[in-house]
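See the structures that follow.
Below, chain A partners chain B and then partners chain C, in two separate complexes.
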Partner chain A sequence: MMISPNTLVILLGSTALGTCCGLVGALMLLKRRALLADAIAHSTLPGICIAFLLGGSRSLAVLGVGALLSALLSATLVSWLPRITRIRKDAATACVLGILFGAGIALVGIIQRSGLGGSAAGLDGLLLGRTAGMLRSEALLFGISAMMMSLIIISLRKELLVSCFDPRFGLSAKIPARSIDFLQTSLLAATIVIALPAVGVVLTAALVVIPAAAGRFWTDRFDVLLAISALIGAASGLIGTLLSSLHSNLPAGPVIVLSATTLFIISLLLAPGRGWISRHMQQRSRLQDRQVRQFLDGILSSELEESSLVVLKRQPVTTAAIDRRNLVVSSRNGWIETDSQRIQLTPEGRRRAVRARKALQIWREWLTSEASIDRDLIDLDEQDIEKILPPDLIDTLQRSIDHRGTS
Partner chain B sequence: MERHGSAECSRDLGGPPLNSPAIEIHDLTVSYREKPVLWDIDATIPEGSLCAIVGPNGAGKSTLLSAILGTIHPASGWLKIFDQEVGKSQELIGFVPQRESVDWDFPVDVLDVVLMGTYSKLGWFRRPGKAQRDWAMECLEQVGMADLKKRQVGELSGGQQQRVFIARSLAQDARLILMDEPFAGVDAATEEAIRLVLLDLKKKGRTVVLVHHDLQTIENFFDHVLLLNLRLVAAGPTAEIFTGENLLRTYGGRLTLLDEAAEAVRRIRTGRSRTGRDQ
Partner chain C sequence: MIDLQLTPVSWQIMMVAACAAAACGLLGVQLVLRRRAMLGDAIAHGVLPGLVIGFVVSGSRDLFPMLVGALIAAIFVSILAEWLREHAGVDGGAALGVVFTSLFALGIILIEIFARDVDLDAGCVLYGMVEYAPIHQVEWFGYSVPRSLTPVLGALLLNLGATVLFWKEWKLCAFDPQLARASRLPFQTLEQGLLVLVAITSVACFEAVGSVLVIAMIAVPATIGHVLCDRMSSMVIVSTLAGVVSAVLGTVGAIQLETGVPGMMAVSSGGLLVGAVLLAPGRGLIPAATRNFSWTMRVEMEDILAESHLQSMDSPPDHTDSAGAPSSRFFRILATWLLWTLGYIRNGIPVGRGERMARTLLKKRSLWKRFAAERMGLASDHLDEPAHRIEHHLDDDLTRRLESGFESEED
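Coming up: the complex of A and B.
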């Protein structure tokens, strides 16, 4: 397959665009303003229509100016409404989105019926996005703007970090949080406007938000999140545009967003640590650990009660009974020895069981004896209490357990 | 700790203050919409003191911190920080936010947060480099958190989270450190750890002003108190100000809190030794 120079420029343009969307989206996600992207994108429609009616042309530059103006109007409304009225931020966002998009749809209807229909086809393209008909100069312009905005974000990420994480600290860090905030919103508006021709009014917000949401599964670092989110955005832009250029009847917007969605689903499932599968496995192995521990504890109890080291295999050891998996896991690890009749703890197994029992006792004591506790981080399954509680506290707790035991 | 506290108090009581005030508040009134949340506050907090802002819920404690921090503007009156107008010397102020106001899921690790303290000296566009990272590590060591530098902030305990932000103030070389309820929801061991850090800050001559809830721990620890309930009830050295009468004036009328106030008053009357029992 040959790629024409025209297509190449468009591909590069949409890759740059995706990068920019990913970066801006990450910032919005961290500011918890993802919905603003949606509101701004939808409310560009009336601006585009009015620009079309006034300018009488479908040149992207003219329409872009209209889009940018109404994007800024909606951003201003969303930030002002909660301040001057009792409407809350989420409601204000929804109102602005609905009202302006509604006005836009009405205007589109008027334009289509008013005999300007032929050129109104260009407006349809803006609803769902079309890269195929894009001129090389347009793609170049948008690509370069996207790259410049990306550069601004990358070089200002220290300031943006403060603005997102702890804006009140801005004054102390000599960072004007308000201006940075304003810059951030402006970047969002501008990004959306340049993304419109490719992705369309309806789906632009998705290209802004999805890469960032996907990136969040992979990292716990700000810089890395920006990088991954930009990468996912870029890949979506590239793949989507490529696919839609191969099949002329596929609109670019949905395909780009579907590419992003695919990457999102991959991240959601496969990302180590935060991904669904990884979480599920962690939880499962914790559950298993706990069961094995209870199993060993059960054997320990039987051994202690009968003051014998031998336990019959059939004997109900715990309420959890003898689970085959527990047996297999324990003997594979060398914690128990079995023959056809008996299960017996190995010295190592006994050490483990005793240790676990002791830890459990201390946790119990700790939960009941400390009046106000910082239990966020306490993992009651954690056997290495020494890692969490200070040693003197463990001593105290142990002493109070012993004391109760003897009295 | 007891000895330390009383020594400070007696110094503060004797003669004119040695230091210029860290914070000077004059006729300060702040209002949200039409409702005043702080009314005609006049107070002075000397440099090097450990000062608690105390009062019932909705007394305007956090608002006062925000006014000092410069994030809200007074309706009337003024504040001076180290003899300068608010906004002129904000890089001297370190801020430890209230626990609930921080997004703990935010993708930053411990070192990232402490590095923010170096931003004010870096200026636009410049990124923190090795020098800044070394300095940040030094500050983390001072609060005993160097081992946890790579932890995401949400994976820390409440006390550790507080200490990270204290380290950020150190990195910033802040002379005044504001803390919004650092002791809220932390366990006894953590509370002790934070106290030690605070005493250390005091020893280094930094001024620490914090919003505090627990009346029972004020006596032996803070050398200054500011009793607040929309208006200023009283402010000054703890030994003078922290009296039963003042507390009742601060909390009076709020029945649910009366018990706590009464308890604190009883403590004061039955001698001022609590530290002894704690150990």
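Coming up: the complex of A and C.
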């Protein structure tokens, strides 16, 4: 396929935009302010309309200033209301969003009916974005400002890290928490204003929130999170714009957002460590380890008692299926030998079982001696437990055990 | 004079809007108390793909299939966001943000693909069409009412019923979730039920008034209630009333400015919220500022009176420079002017009531110094500053008790 220079500029612009959104989003995610982006994006609408009514033009500079001012106003309100009133953060966010967006829509109505004409359609375009129809100069402008903001964030990495995780330490290290905070909010506002014409009022928040949330699955480190989040943002900007330019009837904003969502789902499933599959496997293998340990311990006990009874019958708590699996796993690992009648531990299996048993004894010893938990309370049989715990509590605990079993 | 020109059509619009606002306001209380006000926003956006799929599957603009689709989508939003938070370790706000924005994007694309040529666009989801409510009429017991009144009124009655029925349970879940879990309440079911109600409400209101309004009407009236009230009962009433009042003001404003009703309703609810924040009795910004100001003035005036009284008695000057409440020059000058105007001080000497105030204050000061020295064993050079601070706070009762305490000791 052919990529015209015009498309190339637009692609570069939206990639830079995605990068910038990813970086800012990572900061907002760490500050637990992800939804602030949504509120700010929605509340740019009245600013744009007022700028349009006052400036009387559709020039991006005029509308951008209006958008930026109302974005800053809403960010200030959201952080200021919970501090001086009893309104909480979530309610403040939702109220500012609802009221300002509503005001914006009322203003759009006024503009449409006051006969300012075709330009009102342009304001409508701001709701959903129009990357495909983006002018080359606009794309260039957005790209450059996005790159500049990315540079600011990268160069202030250390200060931002401190303000995200430990603002008090920041104060002691002479990092002005308030100005950094303000800088962050302004960066968010500016990013959103830049992203508006491309992805629209409603979906700008997605471009800020999703890459960061996706990046969070891959890492626990700040720098890496910034990098991955920026990368995911850039990738979704690029892929989304490409796709929407291939199918001219698809608006760019939603496509960009869905590309980001796809990357999010991939991260959610596949990321090592925090990803869902990896977590699930960890949980399973931990459970299996424990069952095998108990199984080996059971054999060890029967061997110590020198009874030759069939070991399987000494496992009342486990089901036959689990027993069979344990049997398979253990014999595959060379921990037990089986003949037609009996199951026997190999030396290796015996060593493991003894080690596990010893560790358990040491743990019990620590609980009694160091953590001073009464020895009688550690190994209890069922009658004692029924005596000690009130029936209500037993019910509740049983329910939580069942719950854990099913989930 | 504004000519209100409330035609029957306006009344009908107002009625639909008021029912929608009241329905949202009732549920908003529960969400605001649970710190989940943003859920309204999320669900209002997230229902879009459900609406479109319902539309595509049924092939008509019938309300029912779209409602079902939207309801499923709304429940999907809340369950998915919850799952991401609980089982995938995503931050709560971010989880919600990811889910509803993605669904909204999906909805727009579905519209572009399947429903391009019909009258269903994202704009009408956002803005709603309450202005057109009176066009479609249905007969109710011989009265002709707007068709969209049915779902909205249904949602209102449903929410009202649920609020009354689950009053105690919801209250417990909102204020003490741990206790609710421990006390054998079906906690999960109750919370899920609330989410389903939010979904039903936003879907029912969508057709009539648009999702903007759902966002604003879930958050704002309940927040007004939260600012003004200390009890859930009064909060529910205030929130519902605030919703209805914004509907009335919004409709009137929209007619005056010739713009959309939902937007104007959001704006008027915003006006009410600003009013509540500024004027709430006791903790509003203006009452609080007034209280602070009058307190500062009283302390300043008492200090000035006491100082000048001591000077006029030629007593050794008290070291008041650093002691006492920190004050600015502005308040000091204002207090001096006020004292002079009131006639409490003449030629630098307290007279009349001013003199009495100065004496009282000095008495309190010495009482407290004595108390601090004798009972609390403070060193003599530590007596002045706390005395200067506390003298303004000793009321008559406490003063009497200090006095009588010392007297009984002397006896």
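Just so we're on the same page, the second predicted complex is superposed on the first by the 347 of 407 C-alpha atoms of A that agree within 3 Å, B and C clash if a C-alpha of one lies under 4 Å from a C-alpha of the other, contacts with A are read in each partner's own complex, and residues count from 1 in each chain.
In the analysis below, a contact is a pair of C-beta atoms (placed from the backbone, for glycine too) under 8 Å apart; a residue touches a chain by one contact, two chains touch by 3 or more.
Here the structure is a predicted model, which is why all the values come from computation and not from measurement.
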Partner chain(s) touched by A:174 [first = chain B, second = chain C, both, neither]: first
Contacts of A:91 with chain B and chain C, given as first, second, both or neither: second
Partner chain(s) touched by A:216 [first = chain B, second = chain C, both, neither]: both
Contacts of A:165 with chain B and chain C, given as first, second, both or neither: first
First, second, both or neither for A:37, with chain B first and chain C second: second
Partner contacting more residues of chain A (chain B vs chain C): C
Chain B versus chain C as contact partner of A:110, first or second or both or neither: second
Those residues of chain A which chain B touches in one complex and chain C touches in the other: 32, 216
Sites on chain C touched by chain A in the complex: 32, 35-38, 40-41, 45, 84, 87-91, 93-98, 101-102, 104-106, 108-109, 112, 116, 122-123, 126-127, 182, 184, 212-213, 215-220, 222-223, 226-227, 254, 257-260, 262-267, 269-270, 273, 277, 283, 285
Touching residues (chain side chain A, partner chain B) in the complex: 30, 32, 155-156, 158-159, 161-162, 164-166, 168-169, 171-175, 216, 219-222, 224-225, 370-374, 376-377, 390, 393
Complex contacts: residues of chain A adjacent to chain C: 29, 32-35, 37-38, 81, 84-95, 97-110, 113-114, 124, 127-128, 202-203, 205-206, 209-210, 212-213, 216-217, 249-251, 253-255, 257-258, 261, 264, 268, 274, 276, 396
Residues on chain B engaged by chain A in the complex (per definition of touch): 66, 69-71, 87, 90-91, 93-95, 97, 102-103, 106-109, 112-113, 116-117, 119-120, 122-128, 152, 155-159, 172, 174, 185-190
